[in-house]
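Labels run A, B, C and D following the written order; every chain starts at residue 1.
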């Protein structure tokens, strides 16, 4: 449960993700962090598509992002994802997005998720999922 | 079932909808046509949110769009929506997107939808829905 | 420079803005806050499209959002926008997104923007723009 | 200038790309085709980011898409891109999107682009770019 267990995901910035400022739109990074989280969970053996099939889901409760430098169309970006905090009903992922080539830091962020059942009630994260998220 | 029964929806172009070419991205117009279709169905008394609650949904089968002039951030655009063709299992909507102020034509398009049940099988469009879509 | 000077913008949730959880995707609210900011600036006489034409732009430096309840397709949402903090080179907007009908609170957030020139250097916010943003 | 010279690009479906029907939203495929085109042009030595730097750009004139089967979150999709038609001022790309694992066909489409200069006038595609697009 530290940055040492981080998982990296790399992909190119898409044209549709830019805006008329000539750089990636600030909402794009939030989609990229979600994709980083998907890859993190697959790498740790608890793919999110499997979790939803079991009738629970992670609802986003909080998003905090700091933008330090822009990403541009055609550049490769790397999303580094790790777990910042893990509670009985909530998990907070930490993120760093860097330029894949220069490793310059572009964005840092945190996203807090709460486990919910089909009725929208907060649910306890099962032990097996807790262990998988820990990556241990 | 002609352009005479069209429904108009007007809204401003959002910053997030632009790309680095300085104009609205071509996928944005497809989202706008879908919003025009939502407003058309509400105006005709067959809101799509109600249709899904009844256990069927309209899957997109075909999209054809011609781009004639660009929309820009801050401009108001008007989506004009009508029904081009109505069959037992499919409906094709026609669209014209214009600048709301100048009425200059920006985009024209057609989207064909097929009614599906929860199992993903094509379903017959019920008579009541056929009548409502006709707007008669 | 308080919630008393807030500007409200109302629009329906689009189908494209939902995800397979059946509610609006968390990145959609960030686009809505940006649209709220656009309407705030138009209402105060300092439309952002005009600002960019003068060769400066507002780059997003920070986004902080708390999600309290979901928005659903077809519902009308209202974005309430005000200025939380105004400095010589930066402005922080405050937001509340509510269901337009019930006025139930869905999301609260803050977005910090830094004024930049064409070369990407932080620039001083001109006095006239400071006054307009104050809404005084 | 045939399907033999096609370039393939593979990536996972993102959660943000789904809608409440539980599958990828139909506008997502249009963004994927654009990404396929970006990779095609990089593979042929005429990266689009370089073309824009030279002061011309490709404006989308026409989009035609047929949806045959849905893509779902977590699946890998492959966009196969080739050139269907190449004229003095316009190029039409052909696309097939398949499930990367099963190779089941999901979507086929065509996008016609017109070369424009900074003033928005149609421009002749330079010989070097014509040759590169041919892939010869």
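Assume a residue touches a chain if its C-beta (ideal position, glycine included) is under 8 Å from a C-beta of that chain, and two chains touch if they have at least 3 such contacts.
For clarity, every value in this text was computed on a predicted model and none was experimentally measured.
The chain with its Cα centre farthest from the Cα centre of chain D is C.
Simply put, of A-B and B-D, more C-beta pairs touch at B-D. Taking the mean of the C-alpha atoms as each chain's centre, chain A and chain D sit 27 Å apart. Centre-to-centre separation between chain A and chain B, using Cα means, comes to 33 Å.
Averaged Cα coordinates give chain B a centre that lies 23 Å from the centre of chain D. Within chain B, the positions touching two or more other chains are listed as 15-16, 20-21, 27, 31, 34, 73.
Interface of chain B with chain D (complex): residues 20-21, 26-27, 30-31, 34, 52, 57, 59-67, 70.
For chain B in complex with chain C, the touching residues are 11-12, 14-16, 31, 34-35, 38-39, 42, 47-49, 72-74. The touching residues of chain D, when paired with chain C in their complex, are 15-16, 18-23, 25, 27, 73.
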